[in-house]
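Below: one structure in C-alpha cells.
Here the chain labels run A, B, C, D and E in written order, and each chain numbers its own residues starting at 1.
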C-alpha cells in the first residue's frame, strides 16, 4: 500500500509538462502569426531581462502574454472550485457558481460598468475591484442567510440559498441592463466573458488567489474525501464539519470572485472539468483536486486559443468556445469510460 | 386511512378560488387604470357574446386579457415541470431547464428573432414555431445522447447530458447575439422573458399543452412517489422505470418548450415553486403536483401584475420580478418551516 | 414453478455466481446460505430482474424477461438488502406503493382490497402508530419493517427477501418470519431468502442452497444442509459445534 | 471513565430516551438491549455527539462538548447503523480516513504507524483482496466490514458500535466480536454496542442496559440482565424459553 | 397605401396625425420633415432634437407597453425590426392601430425610410427635399475629399475593457469612411465583430475612431486608447489620429448622418490643414 494518496510523481511531471507545452503553443499562436524564431527570440530576450521591441514584441508582451497567463489560472481556479463544491455538497449539478458568489461578482462588475466607476490610480480596476467586493458581500449574505435558517448549514440549505441568491442577483443584473440604455452593449459583451485586455496586474492577482485559496482547498482533500461518506461519518472520524465547510466555501468564493472579476462569467468549465477529471483520475480528492488544476488550465488555454484564432481576425467569446468543445469532448470521455466500465 | 392520497377537496376548492380571485385582480389592474365598473361591464359583455368597444375594451380584450390568460398556464407549466424533474432525478437543483429543452427552445426563438423570421400565414408567429420545433429537436438529441452513452438512462447521465446540452445551446445563443449587431437589444430583452404581446392563439396553445402534458404528469404521481425510494425499488413494485422516465421527460419538455416559446426564459419559478409547495403541502406527488399547478399560476399572475404596474408605464422584465419576490418569499417560507419543524 | 437454469452473474470480468441451477415448487422456502460475498444477493437480484445474468429463469414455465414490469410485480415481491438513506415518504405512503402493480392507473385510486391489504401489512409489522411518520425519522428496525410491510402489501406468490431480519428485534424477527411461514403454507407460495442466522434458517426454511464464492456447493433439504460438511466449508467453521457453544448460555438457564 | 447523567433525547416533542444514567469503566462492554425504537441508536448518537440531548455526558470527567472534533475522534470511534448507499471511495480510502484525527494535516501524509494500523484493520476484517474496490461494488457484509475496519483503524479507547454484526456472516460475526473482546480486555477500552442477538450479547458483553420506550428498565451485569424479568418485558416475549426453542435444532445434532 | 421594409402592405385612410415612433432615427426624420408636432409617443432612447424629450416615452421592443400605446390613441406606429415583436404588432393591428416597419441598413435605406415616413404623414414634398439635401451634403464632402486618401481606419465600438468590438463592413460608419477615402481594416467582417487586439496592432491603421461615449469619469476614450500598452507603435497613435465620433449621429439611420460625415471630415482634413499651417 502506498503512503501517498495523491497523483503519482510521474503523473505530476507529465501534467506539468503538458501545461508548459500548452502554454508555449498558446503563446506562439494567435490571430497575428508571429514566426516561431521571433517568438523564441522575444521570450529569450524577456527572460534575459532585455527589452525587445518591434510590432511582434508589442503584440507578444503587451497583448498575448498577459492574456495567456491570465487564462491559465482562471481555468485552474474555476475547475478547482467546481470540484470542491461538487465534493462538499455532493451534488453533480454543483459548481463554483452554486454558491451565488459568481453572480454576485458579476453584479458588482455590472454595477461598476453601468455607473462607470473609475478608480484613478488603477487602470481598468473598477470592475475588478467591484466584482471582488461584491463576491465577498454575496458570500457573507448567503452564509448568514443559510446559517439563520439552518444552524447546521446542511447542504440542502446551502444549495437552495446559493441558488436563490444567484437568481436574485442575476435579476438585479437584468434590471440594470434593462435600464442601462446606451451601456447595454458593453454590459452584454462583458457578461459573455472575455479575457481580452488582461494585464499583468490581473495575472498577479489571479496567481496569488490561486495559490492561497487553492492551497486551502488542497489541504482539505482529506475532509472532502470524508464528506463523501456523509456528514455524520465525517464528524465521527474527527472532521470539524462546520469549520471545514466554511473554509471550503470561502476559498471557493475567492477563486470564483477573482476569476469572474477578471474574465467575466465563463460557464461550463467549473462543471465539466471536475466530472471529466473524476472519470479520468478517480473520485479521490487527493487526485481529483490537483488534476483539476492542471486539466482546467490546459483546457481553458486551448479554448482561448481557439477563441482567438478560429475565425481570425474576429474573436469568439470564450464562453461559447468552451461550451462547444467542452460539451463534445465531455460526451466522448463519458461514453468511452462507460463503455470501458462495461456496465 | 384515506382512500385518496391527493389534496383534500376543500384544499382544491380553496386553491381554485384563490386562482380565480387572482385572475380577476390581475385583469382589473394594469398600467392603464380601467374603472372597476368598465372592467366588469366589458367582461360581462364578452361572456354574453356581445362585442364591447371603446379604448378600454381594446386594452382589455386585445392586450390585458390574453396576457393574463397566458401568464397563468405558463406559471403552472413551469412549476409542474420543475416538480416532476426534481422528483424523477431526485435532485433539488433540478428544474424543467435541466433537461436542455428550455435552452433549446430559447435557441430556436433567438434564431427566429435574428433571422427576422415572420410566418404570416401561421397562427403562431415565427418565434413560437421555431421555439417549439427546437425544443423538440433538443429533447430528441438529449435523450438519444443519454441513451447512447448509457442504456439504462441513469439519472446522472440524464442530468449531465441535459446540462451539457443546455450549455451548448446557450453558447450558440451567445454566438448569435455576438453577431446580431443591431438586433442585440431585442434578443437580450427576449431572453429576459416577457409575456407582453401574447395573443389568444398563445393562450390556446398553452392550455392544450398544459392539459395534455399536465395530465400525463399527474397520472405519473404514483411513479414519482415510487422513484423517491430509488429506481430499483420502483422497479420491484412494478414501475416500468424506463417508460416512466420517457413519459415524464417528454411531458416536461413539452411544457417547457411551449412555455419558453411564448414567454421567454422565465427562470426561478420552476425551481422555487416546487420547493415551496413541498414545504407547504408535503413531498407526496399526489399533493405536490396539483398544488404546484395552482401555486405556480397564482405566483406568476402576481409577479406579472407587479412587472406590469410597479413602475408604470415602464414594464419590468417578469424574470426580474419573479426572482426578486420569489427569492424573498421562499426564504421566509423556508425559515418558518424549519423553525416549525423544530430542528 | 420457479426454475433457475445455469445462472451466471458477472460484474465486469468477475463472476459473482457460477452455474447455479435449482427448481422450486409451491410451498418451498429456500434459504440462501453462504459467507459474505458468496453471491446470495446477486441471485436474488437476478430473480428480481435487477442485474444481468446468463442462463434462464423460468416462472410458471415462462422466461421471466417476458413479463411486463407490472405483471412481474404482481407475482414477485422483493426486499432489497440496501436502501436509500433518506426516503422522503411516510410509512403509509411507502406501504401503499406496494399496491402499485394492482392499482388502477388513475390518480391515487386504491380500492377496498388495496386498502385492506395495506392496513393488514401495517398491522402485521406493528407500524400502526407510525403510519404517518416520514421514513427518515424511523429507527433502523422500524424502517426495515416498513419495507417488509410494502412487500407484504404487494401480496405476491413469490417473496424474495434479502436478509429480512436485519435490524429487527427478537419479537418481530420471530413474529414476521412466522407470519411468512404461515402464509407460505396456506397460500402455497414460494419464499427465497438470504439469512445469516442459521438457527432461524433451520426453524423456518424448507430447502437450502449453499454457495461458496458463487458456486453451488449444495442444494436440498434444509436439515440435510445444516448437518452436511458443505455448510462447514461454506462458512469455514465447524458450524454445529459453534452454534452449540453460542447457545450454551441458554441451556444453563 | 465514561458517565451518562440523566440523559434525555427528544425528536420534536417526542422523547426517544428518558432519563438514562450509567457509569462505565475501563474494560466494560456495555450492550444496549431493547426492542426496535427503544432508543439504543439514540444513545449511541448522543455519545457520538450527533444528536442534541439534555443531561451530561462526561468523558474522563470532562463534558464531551469540550473536546474538539479531532480530540474526540482520537478517543471515540463510531459505527453508525445506517450508511449512504453509494459512497464513491475505495475500501482502502475509507479505512485510511479512519486515521484522519491522528494524521498530520498536510496532504495525504500517513506515517508508518498510520499505515500499519490501516493494514491491520483491513487484515482483521478480511478485506485485503478488496482494498482497491470502490465501496459501492461490495456486498452488504463486505461493506459493513469496511466500515468496521475504518473504526478499528481509528484506534480509540472507546468504541460505539451500533449493530456491528448486521449483514455479517457467521465467521466474521464471531471473529470480529472476538477481536474486539480481546482488544478491550488488553487495552482496557470501553465498548458500547447495540446487539439484537442475545446469544452474542451473552457471549461478549459484560454489562447491559435494557431500554423500554426510551426508559432505563435495568442496568447491570449482562448475565443478570438476560435472566431478569426486565428482558422479557423489554422484548414482550419469554426470552429464555424462546431462545431455547430457536436453538433446539442444534441440540439434536 | 404603403409598403414597408418587411413587405407588409399598410393602408392609411388619411395621413397620420398621431404618431408613435419608437426608434431615434425615425424620430429625427419626423422632426426633419417638420412633422414633429404629430409625434405623441417616442421610443425611450429618442433624444434628438431637444423637443422630443417632452413627448411621452414608450417602452419598445419585447417590453413595449401595449396598454400605454393603445391609451395614447395613435393612428400610426413607426417601429424598426428590432424595436417590436410580431406578437405586439399583431395585437396592435387587432386594436386597429396600423404600424410601419423601417429597417435601414445603409444610406440608401435611410432615403427609403424618409420617403416612407413622409408618405405616411402627408409630407411627401418635404421628404423629397430632405433626401435631396442629404444627397447634396454627402456629395459635397465626397467632392472635397476628391482623390485624397487618408489610408486605413479602425472603428472601435466597444473598448478593450469589455472585449474589443469593431465595426466592419456594412455599417454606416464603414460607408461614411469609404466616402472619406478611408479603408476599413475590418471591412471583410460583419457590422459588429469582436476582434483581437493583436489584429489591430498588426493592421496598423492610420486612423482610429471610437464611438465610446464619455460619461465624465476617468480618462476620455481618446486618452484611454492613447495609453494602451503595446499600441504605442500604431501609426494612428503615433500621429494622434484618434477620433471620438458621436455615437448617436454616426450610427442612427437618420438625417444627421450628414453631420457625422462633416464632423469626421473636419477632423481628418481640416485639422490636418490647420496642423500644416501651424
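Simple rule for what comes next: a contact is a pair of C-beta atoms (placed from the backbone, for glycine too) under 8 Å apart; a residue touches a chain by one contact, two chains touch by 3 or more.
All values derive from a computational prediction rather than experimental measurement.
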{"item": "Neighbouring chains shared between subunit A and subunit E, ordered by label", "value": "B"}
{"item": "If a chain touches subunit A and subunit C alike, it appears here", "value": "B, D"}
{"item": "Size of the rotation, in steps of 5 degrees, that lays the CA trace of subunit C over subunit D", "value": "180"}
{"item": "Centroid-based (C-alpha) most distant chain relative to subunit B", "value": "D"}
{"item": "Most widely separated chain from subunit A, with each centre as the mean of CA atoms", "value": "C"}
{"item": "For subunit B paired with subunit C, centre-to-centre distance based on mean C-alpha positions, whole Å", "value": "44"}
{"item": "Gap in Å, rounded to a whole number, between the CA centres of subunit D and subunit C", "value": "27"}
{"item": "Intercentroid distance (Cα basis), subunit E paired with subunit B, Å", "value": "39"}
{"item": "Sites on subunit A at which at least two other chains make contact", "value": "178, 185, 192, 230, 316-317"}
{"item": "Numbers and ranges of subunit D residues touching at least 2 other chains", "value": "83-85"}
{"item": "Residue numbers of subunit E (touch at least two other chains)", "value": "44, 63, 193-194"}
{"item": "Of subunit A, residues touching subunit E in the complex", "value": "30-32, 55, 58-59, 61-64, 113, 116-118, 120, 123-124, 127, 178, 181-182, 185-187, 189-190, 192, 194, 196-197, 199, 308, 312-317"}
{"item": "Subunit A-facing residues of subunit E, complex", "value": "44-45, 63, 157-165, 186, 189, 193-199, 201-204, 213, 215-218, 227-233, 247"}
{"item": "Subunit B-touching residues of subunit A, taken from the complex the two chains share", "value": "91-94, 98, 145, 148-150, 152, 156-157, 159-161, 163-165, 167-168, 170-172, 174-175, 177-178, 184-185, 188, 192, 267-268, 271-272, 275, 316-317, 319-324, 326-327, 330-331, 334-335, 338, 343"}
{"item": "Complex contacts: residues of subunit C adjacent to subunit B", "value": "48-50, 68-70, 72-74, 77-78, 80, 83-84, 87-90, 92-94, 96-98, 100-101, 103, 105-108, 110-111, 115, 118-119, 131, 150, 154"}
{"item": "Interfacial residue positions of subunit E with respect to subunit B in the complex", "value": "6, 44, 56-59, 61-68, 70-71, 73, 81-83, 85-88, 90-91, 94-96, 190-194"}
